[in-house]
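Have a look at the structure that comes next, please.
Each chain gets a letter, A, B, C, D and E, in the order it is written, and its residues are counted from 1.
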Amino acid sequence: MLFSNTEDYEEFSKGIWRDNPVFVQVLGMCPMLAVTNSAVNAVAMGGATLFVLVGSSFLVSLLKGWIPKQVRISCFIIIIATFVTIADYTLLALIPTVHKELGAFIPLIVANCMILGRQEAFASKSTPRLAVMDALGMSSGFMVALLALGAVREIFGTGTLFGIELFGPAWEPWVIMILPPGGFLTLGLILLVFNWMSQRKAMFLERVAEAEGSSQ
Amino acid sequence: MDSLGGIFIGSLLINNFVLTYFLGICPFLGVSNNLLTSFRLGLATTFVMLVTALCAWVLNTYLLIYAPYLQLISYIVVIASTVQFIEMAIKKLSPALFRALGIFLPLITTNCSILGLAIFSFNRGYGFLEGMVYALGAGLGFTIAMVLLAGLREETELSDVPALIQGTAMNLIIAGILSMAFMGFAGLFSSTV
Amino acid sequence: MNSKDPDLLLQTAPFLRQGMTTPSAMMDVIIALAPATLAALWYFGNSAVLVISASIAGAVLTEMAFVPRQRRRMILMDGSGLLTGLLLGLTLPPGLPMWMAFIGGAVAIGFGKIIWGGLGNNLFNPALVGRAFLLATFPIAMTTWTAASEGFWTFRLTNFDFPFTYTEIDGLTAASPLGLMKFDQEATDVMQLFFGNTAGSLGETSSLLLILGGIYLYLRRDIDWRVPVSIVTTVLIFSGILYSIDPLIYPAPLFSVFSGGLMLGTIYMATDPVTSPTTPLGTWIFGIGIGLLVILIRVFGGMPEGVLYSILLMNAVTPLIDRFTQPRIFGHQRSKKT
Amino acid sequence: MSDIIGSDRQQRSPESGGEKPPEQDEPRPIKLVMTLALGGLISGLGIVGVYEATLSTITEYRAQELRAAVFKVLPGVTQMQELAQESDQLVAVVNEEGEESRDNTIYGGYDEERNFVGYAIPGEGPGFQDTIKLLYGYLPTANKVVGMEVLQSRETPGLGDKIYKDLVFVGAFSDLPIEPTIEVVKKGRKVSDNQVDAITGATISSRAVVKIINDTNSTWLENLPTPGNEPPMQDNNSEAENVIQ
Amino acid sequence: MNPFNLLSKSFQNGVHPQHLKAQTQDLPIQRVPFGSLFVMPLNQHIGVPCKPVVEKNQRLRRGELIATAGGFVSTALHSPVTGRVKEIGEFRAYDGNFSQSIQIEADPYATQQTEVGTPIDWSSMTTDDFIKAVQQAGIVGMGGAAFPAHVKFSIPDGCNIRYLLINGAECEPYLTNDHRLMLEQPLRLLRGAEIVRQKLGAEEVVIGVELNKPDAIAALNQHIQPGDPVRVVGLEAKYPQGAEKMIISTIFKREVPAGQLPRDVEVNVSNVSTIVAIADYFDYGMPLIERIVTVSGPGVSYPANLMVPLGTTVRDVLQFCGGLKDETKEVIMGGPMMGRPIASLDAPVVKGCSGILAFTEDLVQTRTEYPCIRCGRCLEACPYFLNPARLARLSRARMFEEMEDYAIMDCVECGCCSYACPSSIPIVQLIRTGKDQLRNTKAKQK
């Protein structure tokens, strides 16, 4: 079993919905928007981010006693940059076509404020086990967001999903979806839907609480 | 190779860093609620971009041809220390300017448009002058996008934007419309009329 | 004398009001557009009806769907949704599939108006947001022009496309005057542009009728004369300068003014009070900015037409213009800038 | 994001920016510098390790990609080598492993008998949205362009990207005399051999491609040796291991 | 002089409401019969309320002092009738609020003849004495604001008055009281002007009259002798031409700097009725106990220009005019642009009441309010070049601090913006809210 106790599960699951890095914390928007013109790219970017985040979180939480406070940000950045470089070369060697699509946005993972934010806010203050759980949760949440955006953009923008044609050859692609404005607009709409769902959930919980209160 | 004017217009308008490359989105969404702040942050970013372009050129010429694998790490270290140095220098030289800009400088470190600039500039094989022009265009383009969004956002504060969409969702959609408008610049001065 | 006092109300001053109201202004614009709309029917036949109705339907239905029930009646009555749909319809090419026009109308109202909080709060012209969206989404369909004067009952099969069908456009395509100018340096006769027997979007072919509508709006005090005057003057001067440099490459000033969507955009979209500056000085800056951008994009840019983007860009600048052109307040030395 | 930065700053500023300039007076500056240096060293080692491990794959992939492109634009070619202009002469260049191609190079294509066939010339220039990079094959004997491949572009999907997706347009470059220059004409108005039909709706992109080829021709053609005097195929250059059709 | 000044006798911006003066402009001033009960609020003027000097049941002569000034920015009050103090206490004033008032019961057997007193020798008075005399006469600015006149006349050292500007613009629609006054008593006006001119040491008297009153201009010009330091200037009929700073801007092409007074540009502005009241006081010893009121509006059966003793209830005045029509929905005091609605017909006519207007439904119905479409008409209307649309939006968003940046305090609530607004937005009310809020926060800070 992956989660041996509830604490692990808690740290993991919070990143997916409640503290979702994209929908709730609005972090890591640059790769979020830049590489999501297809679902494959989104998955690749999500995977690379997961690798970097988990790796650096683990290392940071291991070394947290050794890093002087004054230079911790620099240390974090060096650690992250190392992992990013590793991810960059690995992707280039293993799946060059995807690397070509993602281009300069792999190195830019360094500047993804979500990663630095997790080191500062969580990994540098907790045990390696929890840090990895948190990193896994956050990057899964990031992946979910990337995939949602990438899938919507790819389906409308090219009529395919993971390269599989969905609507037949006569589908008129919505070109804007794979252009920059489409990224902004789609993410805006997804956030809108997310807000709406959160609101509905809150209202539902309220009503449940109310019903419980009145029944007693 | 593009002309200098083409590079400038390209990075300023056609391939605006924020609106078509999605670089610097975090400050673009986070700090753009005030016009003056956005303007200052934009100018500070432009300045850091110019300095970074200079440093990146030095690195490209003297270090990276021998050790290309150090590209990312050297860039990021250079950017972080540049920002730190600039912060200290401003603090010493002009306390007033420091008060005005101080809080933005650390923000710039995590602004991916700076790193993006260095990497893009390298990928395009720009030399010194081209790199500087590219940085200037990118920085001013970032400033333009910031200031436009800030102006629009300040205006929306007075409107009855539906509660569901307020905040990031709204800003993203405004950015999307801005980005659509900037599509009008595509091909500017590059067409063979 | 009455035996008893009337129940007195306590409304506050002022008690007199100028005659015009917002819905009447919207109606005026629709009336002013009527001749151009009829001309679209005349030149493009049933396609005009189909495309314009689809875009109006998209706009009005979206408005209905997202507005709270209690405000629905009032919002429908103000006519702004209808106007947005009509304006958008007039900027579309006649052969556009109806479903695209419908989506355009929906986007125009959705992204152009509702998310901003409804009429008066939007910062971009809704019709133009819709058109920009369509242009970026369906670039081919949106730039495929068919010739005018095909007769009312000439059906354009592409009108009846649905998302999953695709009709090859048969031999009807024709280049718009601006496209001819940009890519082949073939100027179209100005008189032809003026009366409108050219290929192009539904409502932008006849400058004459658009100007007539504009004069009507001016007389009704519905539009600010500064906007069209400053745009047209800037376009004339700027393209005049270019033309005098090299008349073979650059379009003639009158051609620039009467071709494409300039008249439609200038008179009916740039003057949209909601999205243009409120201060007189700001209005001049706004108009000059649009004029410069139009020529910049048309002549030096990648697209034959730039009116749409020029107005959208200046819409984006409008809050800044407004802010920095606040009039000097009476009795103050300078404008009290914040 | 801002709250992270804010908290970071709050904690950092009292100690007054201790992280970068080591010469500044700090409580224990030596330790800080040591930590950073150690961190840098470890990360450097990690990076170099990965770099070394992946280098050969990456280089090979790049070379293969280049070869594929060259063979595509020069039909009938099975071997290639890099050529560069050095002191008014075109000479073959040998690259070390991992070294990038230099700017000023073109590629010579040779058939199986190591006879010279034609040049593959890279060119770049502004397109509709961004710089277009392409490679085209040129036969000096026939003075023709015989193939064109777009290597990199960000043209509008659905319109501008037809410069590499539209087979008719790409095919127009498979047998194209370049005398005096290549011209773009409206679709269906082609009257002479050196003209190319523009893509409907993407006139600017079509023109950009042709302009890049014309411009590149004007810089290269006069510097090329007379036909027959091309540099011979070097032995130690990488040969085509597998012919790509 | 700039030739263009002759052509455009007006300030910038402003609005052109219908004049609506035809109903009353040709009706001579009539005297209202005395009613039985008079209410004299102690705060008929801006400033400190005055202090009563009479007791309950005390018998009063018409014109007798009943309250003295409560401070410098305050003025005296005189009994409008011969009668008896019925009550001193809180009475509901016209706006519905309670205010300290003296209620006077008229003596039904008195003739109520004004006893012409001895002329006061003003020429030998010092300026200070003159100012005190004006204060004792209870004279306030009668254009509507009711600002004590003597305060305006007291010029601090270093200030110098070159022009006495007499405001006969009467830009509010419906109102014709000043018009009739100038037409019927031009000599009284010129007499008062001469007194004030001399006492203030002004070089010239300028009488500004809107061009829609040509007969008044002619009547005045007829009595001005060549060589008199008086001239009459015709002004474009435009609202708010009669606002102090606007009429100065129109005639002298000078802007009174924000936060300063007309005297800072060497001008004193007084309403025609004020000037006539001063003439009456110094020539006949008659304090301010009555004023001319225009009764008009679609709800009034017989519109009229009336000479009304102060304190007369609106009910009595309206009764004289044939009562209200059934359709009447609202009665306001003052002009239609800046007047205040009255809550009850028992409200008395006060010193600042230039008109009583009865409105029927079509004028007072709540209009459907549409969203602001930023058409900019309010900007074109605002004579102070403010941005009313922005102020209204800020007020709606409750961003009162920001309203100060847009110079909200310069707004005089003339109502041009609301008049011009096609979306029927109550801009003036929103601005008032903002001002109140700002004043409250300031008061709290202190």
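In this section, contacts are C-beta pairs under 8 Å (C-beta built on N, C-alpha and C of every residue); 3 or more make two chains touch, one makes a residue touch a chain.
Source: prediction; values computed, not measured.
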item	value
Touch-network distance, chain D to chain E, counted in steps	2
Touching chain A and also chain D, the following chains	B, C
Identity of the chain that, by mean CA position, is farthest from chain E	D
Leader among chain pairs (count of C-beta contacts)	C-E
Chain whose Cα mean lies nearest the overall Cα mean	C
Whole-Å gap between the CA centroids of chain B and chain E	60
Length of the line joining the C-alpha centres of chain C and chain D, rounded to whole Å	44
Chain centre separation (chain B, chain C; CA means) in Å	33
Approximate Å spacing (C-alpha centroids) for the pair chain A, chain B	23
Per-residue multi-chain contacts in chain A, two or more chains	26-27, 73-74, 78, 81-82, 85, 89, 113, 116, 175-176, 179, 181-182, 185
Two or more partner chains touched - positions in chain B	26, 30, 69, 73, 80, 110, 159, 165, 170, 173, 176-177, 180, 183, 186-187, 190-191
Residue list for chain C, restricted to those that touch at least two other chains	111, 118, 120-121, 133, 136, 139, 182, 302
Which chain pairs touch, all of them	A-B, A-C, A-D, B-C, B-D, B-E, C-D, C-E
Of all residues in chain C, those that touch chain A in their complex	97, 100, 111, 133, 136-139, 141, 161, 163-166
For the chain B and chain E complex, residues of the former touching the latter	157-159
Chain C contact footprint on chain A (complex, rising order)	167-172, 174-177, 179, 181-182, 185
Chain E-facing residues of chain C, complex	1-2, 5-6, 8-18, 20-25, 74, 78, 118-121, 224, 273-280, 283, 326-333, 336, 338
Chain A contact footprint on chain B (complex, rising order)	19-26, 29-30, 69, 71-73, 76-77, 80, 110-112, 114-116, 119-120, 123, 164-165, 168-173, 175-177, 179-180, 183
